[in-house]
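Both complexes below contain chain A, partnered by chain B and then by chain C.
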Partner chain A sequence: MELRKNYFADVRKDDLHEIGQPRPRSDSPGHVTGKTAFFADRNFPGMLHLKMVRSPHHHARIRSIDASEAERHPGVVRVLTAKDVPHNVYTILILIQIGPEDETVLADGKVRWKGEAVVAVLAETERAAQEAVAKVKVDYEVLPAVFDMEEALKPGAPLVNEYHGQNYYLYDSGECRKVRFGDVEAGFAGADHVLEQSYQSSPIEHAPTETTGCLVVPEGNDRFTCYTNTQAMFFTLDNTSIILQMPGSKLHFVGGTVGGGFGGKVDVIVEPIAILGAKLTGRPVCFIYSREEEMQISSPRAAEKIVIKDGVMKDGRIVARKVTGYTDAGAYSRHSPYGAQKGAGHYPGPYTIPNVWIDTYCVYTNRTPSSAMRGFGVTIGDFALEVQMDKLARLIGMDPLEFRFINAYRDGDMKAHRQPTEGAALIECMQEASRAANWPVAEKFMAMTSYVKGA
Partner chain B sequence: MAIRRGRGVAAINYPTGMNLGGDPTQALVHSTPTGNFMVTLSSVDLGQGMKQIMAQICAETIGVPTDRVVVDTADTDTGPHCMGTFASRGTHRAGNAVIQAAREARQVMLEVAAEELEVNASDLETDGQGNILVKGAPQKSISIFDVALSAHFKRGRSISGRGMFLIPRSYPEKETGAMKPSTCYAHACTVAEVEVDDETGEVTVLTVKNVFEIGRALNPKMVEQQLVGGSWMGISHALYETTEPYYPNRDHGGTDFNQYLMPGPGDLAETEIIVLERPSADGPYGAKGPGEMCANPQIPAVANAVFDAVGVRIDTLPITPERILRALKAQAAN
Partner chain C sequence: MAKVPVQFTLNGSEKAEFVDSGTTLLHALRDKIGDTSPKGGCHQGTCGACSVIIDGELRLSCLTLAETCNGVAITTTAGLSEAGVLHPLQRAFLEAFATQCGFCTPGMIMAAKVLLDHTPNPSRDEVVEALSGNICRCTGYEPIIQAVLTAARSNSQNAA
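Right, the complex of A and B next:
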């Protein structure tokens, strides 16, 4: 890595002692010698193992659940169903007033995705729990499912989630989050070229080294200690408090070093049910995802479909951009309405375009709920935007890097969401990339700056 | 049939912190009797090294070496509220909270030192080595060790401070979408060079040159580890990863690392990282959040390089050999 101090030297003071120093991480000796303790390195006498009975169907009505054989299985201590969960229907962003509550801790009458948790089994050993899971009999009536976002948005599509009432998230702005700036149709009408293209991604797994999980100990003082690898301690505690209808003062969450998050440990999934298990049995409980659960049950990065329509002039100026983004939330909201909304704030990318129209939709389908993942709302958008930029440059016969200089945002430029640009540095990054990659651009671009020097 | 070479570029920006703000983090700082400092948080270190960075920020602000600072975090019984470690917010939000707490603690420390030295607190400065000096008369000094002892056992003062950082929540205007998503943005430009085998559709990423602008590299070595890791993840997203290979078809999802494809060590490109620093107005010592954005520009850069190499556009991720071969076949048919 190289630090190029010649850029922005006039707006930066390099007078610090500890900041800017490549101090060794205090925790790295522990990591490389295997001494760092992770949550699962603990063991408690009498600890029970929690395993889930999961839906084999993408969409089905539950006619009945018969857990009697599982309850008699040797080593099984307790079986939990929806009626055991005090506040079974929840949504995590309710803490910041983004509802409605739309998801069940344990399925109640219906499953909406393949892998959804239906019954929790607590047993003396992992094996006993796994064997008993296979003995729970659930009678399903299979319902039509929808997997394609376009199909889901059509009239008459199977309804994925009754708590929403339609297959998209209803923002205060309507069926999508909207940004309107300038007159996009006039921009297209006056453009030398108009290019509309569609981009698609697929769900992606966080693939952390350490899978999601927690250990819960009922303490002598009527409190519960939850050792967890959540990325957000109080967010998880407060949601658990709501789900279990238990005062937050009864809950003590202990984290530590996490073996990789990438957004995969921001959902509140394992902790509430494990704490409930500990409460109802009076025993320590562990609930740790297998690798298979981590890959197909825990939320992935949402698949997205993005349609970009641009009006561009022969001289390289983009004069209009319309973006329609679709985020595949799967069966429940989790963080996806937030992600789709983040996309609306991110488009049209780091470029100054006078006419912009943005619609971002959060769509429900019968698949594993998607949620947070490194850059969600932006990452796939950047793929679409920057491939589109390459296509536009080639369409007008311009060098792709020079084309970006022409449109790059600079301090003071008004963004589509009506905030003036501050602290821009795109131009300088491109200048340095031009040098580093030996990709020459015209001198006038190398002389540009994102800001007025000395101002 | 041949191995064809191409290169592509992408340029991006990325907001720091939770979209639209409203995501608080608090910090507490106090000294031990012998002048070490505890930073108490409830933020989670995901392996990116947050504890180390918070120690350096506290040390810089108080004016002591980093090894005199201990970070206690991720415990809801002791640590004050943090919204969580996500949205490229850890360094920015918690860092600002630590600075505020450390400033308050530093002020008490200087007041106690001033009493011991019989000068005004405003005439004192720290040397960064564990001592407090009179400005312009450095021979008149006291160690922070002695100041802490005095505060605890003689003067009855608590060298401590409280910090809180919150960017007020922005609510998007319904019709126009007017809003404030973030207060500062990191930037990047990536050039990727690939080879594509037009017989097998296989892509080899030869080099990735990344330029990142991140406000301030608080610890350059740790910045490097995060940026290199992110760059690899970007390549992985571009060419390999998905839990649903035939999305929206729900079948054939991988359930372990044999089925879920990711690049191995032999698949990683020669990776170059260049860092620029334009300090952000509201960042801790100017820092922005680079944690997420560093994995983004490689994806379109690789996609554009594939087009440059073989002349087909793969607009669906991941860019698999199957998709490339089908596109080449369609191109030949036309």
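Right, the complex of A and C next:
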């Protein structure tokens, strides 16, 4: 690894001992010998298997549930429905006051997406649990569903989630997150060119090789040990405490070893119901997603639609940017209101634009709830922004890399959400990229710097 | 349900178990015998995390019925190091940073071992082909390929 020491030479410290040096990973010896203990690498005598009855409909009212035949199935120990869950309606981010609680642990009266958990079956073997799942009879009244964000926002669209009352997340700023900076309409009026483009993405599944799951052991001291592959131990601990109305001191979470997460294991889905099963049966319980569940049930990255309108001058300066972003939360919030909000701050990109207007909507549809995934809220936005940058450069006949140098933010520049830029290094990165990719730019750009003394 | 007796060697040790008919070798190894080095990623033969070596051949333990394994010799990643000394493949994976989450690693090492047992000096293409049944969702394929090539070189140096 090569460290470029010519950048920021007057502000950097070069007495580094670790950076630039390879260091062995502490977990690798376990990985290469097979000794790393993933959550499922344990076995407890008498452990029950939990399997879910899931909604076959995108949107339906539940008229009735008849689990009597499933309860009589050989090997079945217990069947759980909504009434067994002490605090059945929750939302993960309530811990940081992002409500309302809008999601059921087990469906209560209604299902809002295909695959939603309705009834949990606990049995002596995985096979018995699976067979019993097929014997639970749920009588559904199918309701109209909405799958498209713009359709969902139209008057008269089916209401996805009654806990919200409308098909968008209500921020303190209203129906969307807003950024207002300068005068965007005046910017467009004075621009040499205006370009409006629309960008869309589909949901993306993380597909970790290890599926989501947990093992729960009721301990002799009236506590529950939960071995889990969650990426969010404390979110899980605290939400479980709320859902089960159980003090956190009764819950002992063991984890930190995750067989691939990528953001797909930050929701609180398997642990509360498995711990409840262990509590009500007094037996160890495992709830591990099948590969099919991992692909179809676990939260994907949200689908997004991003409409970008830019005003640009012939000399390369972007003078105005208006963005409307839509994040498809699916049927429940999970982490999506936060993702949509991140987009609002991010859509100007690493560029200094004097006039900015941004609206981002977090929209509810009858699709699989989306949530975190690697840079959610900004990754799809970056794709849209950089494609837009290339299109703008082409529009004014300018080299796309030089176009980015002209607009790159530098220390001291005010961002649209009114945070001054500090510690910028975009120009330096682009200078290195120019060399590495053998994509030469004019000497004046190679002489630029992000660092502004005293900024 | 009537149990079926099954007896094989695992990493050189005799093992005997009674299993339900239809039990996979993966389930028998992990939940009956306690060797959890093979991992269950898909239980449908597509991810390769459950790979083991049966009589010298690479096999998916999630698609292999335990009751068909009478009299065979099974090797897993848990049995590769001897007296605490890592196998050259294990050492190469460690030194080449060829692990990230580690879930695919035991299966990768099994696939690589079968390759090197049959083809001591593989080409890069042969390594890629040999690992093509093993999914790494952290997408760290390049260091894994390099680790296998490094292990092959260190083997041939030792042999020389």
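To be clear about the criterion, the second predicted complex is superposed on the first by the 441 of 455 C-alpha atoms of A that agree within 3 Å, B and C clash if a C-alpha of one lies under 4 Å from a C-alpha of the other, contacts with A are read in each partner's own complex, and residues count from 1 in each chain.
Keep this in mind: a residue touches a chain if its C-beta (ideal position, glycine included) is under 8 Å from a C-beta of that chain, and two chains touch if they have at least 3 such contacts.
Please read these numbers as outputs of a predicted model, since none were measured by experiment.
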item: First, second, both or neither for A:Arg291, with chain B first and chain C second; value: both
item: Chain B versus chain C as contact partner of A:Asp41, first or second or both or neither; value: second
item: Chain C versus chain B, contacts on chain A by residue; value: B
item: First, second, both or neither for A:Pro155, with chain B first and chain C second; value: neither
item: Chain B versus chain C as contact partner of A:Val32, first or second or both or neither; value: second
item: Contacts of A:Gly259 with chain B and chain C, given as first, second, both or neither; value: both
item: Partner chain(s) touched by A:Thr211 [first = chain B, second = chain C, both, neither]; value: second
item: Chain B versus chain C as contact partner of A:Pro203, first or second or both or neither; value: first
item: Chain B and chain C footprints on chain A, overlapping residues; value: 22, 24-25, 27, 207, 257-262, 291
item: Residues on chain A engaged by chain C in the complex (per definition of touch); value: 22, 24-25, 27-38, 40-43, 206-211, 257-262, 290-291
item: Footprint of chain A on chain C - complex, ascending; value: 30-31, 34-44, 46-47, 49, 76-78, 80-81, 86, 89-91, 93-94, 97, 99, 101-106, 109, 135-138
item: Residues of chain B defined as touching chain A within the complex; value: 7-15, 19-20, 22, 42-47, 49, 51-52, 55-57, 59-60, 63, 65-66, 73-77, 79, 81-86, 128, 169, 172, 174-182, 184-185, 187-191, 209, 211-213, 216-224, 227-228, 230, 233, 237-238, 241-245, 247-250, 253-257, 260, 262, 272-281, 285-286, 291-293, 295-297, 299-301, 303-304, 307, 313, 315-318
item: Residue numbers on chain A that touch chain B, as the complex places them; value: 1-5, 7-8, 11-12, 16-27, 58, 96, 114, 147-149, 172-174, 177-181, 197-205, 207, 230-235, 237, 251-263, 265-266, 291-292, 295-296, 300, 303, 328, 338, 341-342, 344-346, 349-350, 358, 365, 367-368, 372, 374-375, 377-380, 382-387, 389-391, 400-401, 404, 408-409, 416-419, 422-426, 428-430, 432-433, 436-437, 439, 450
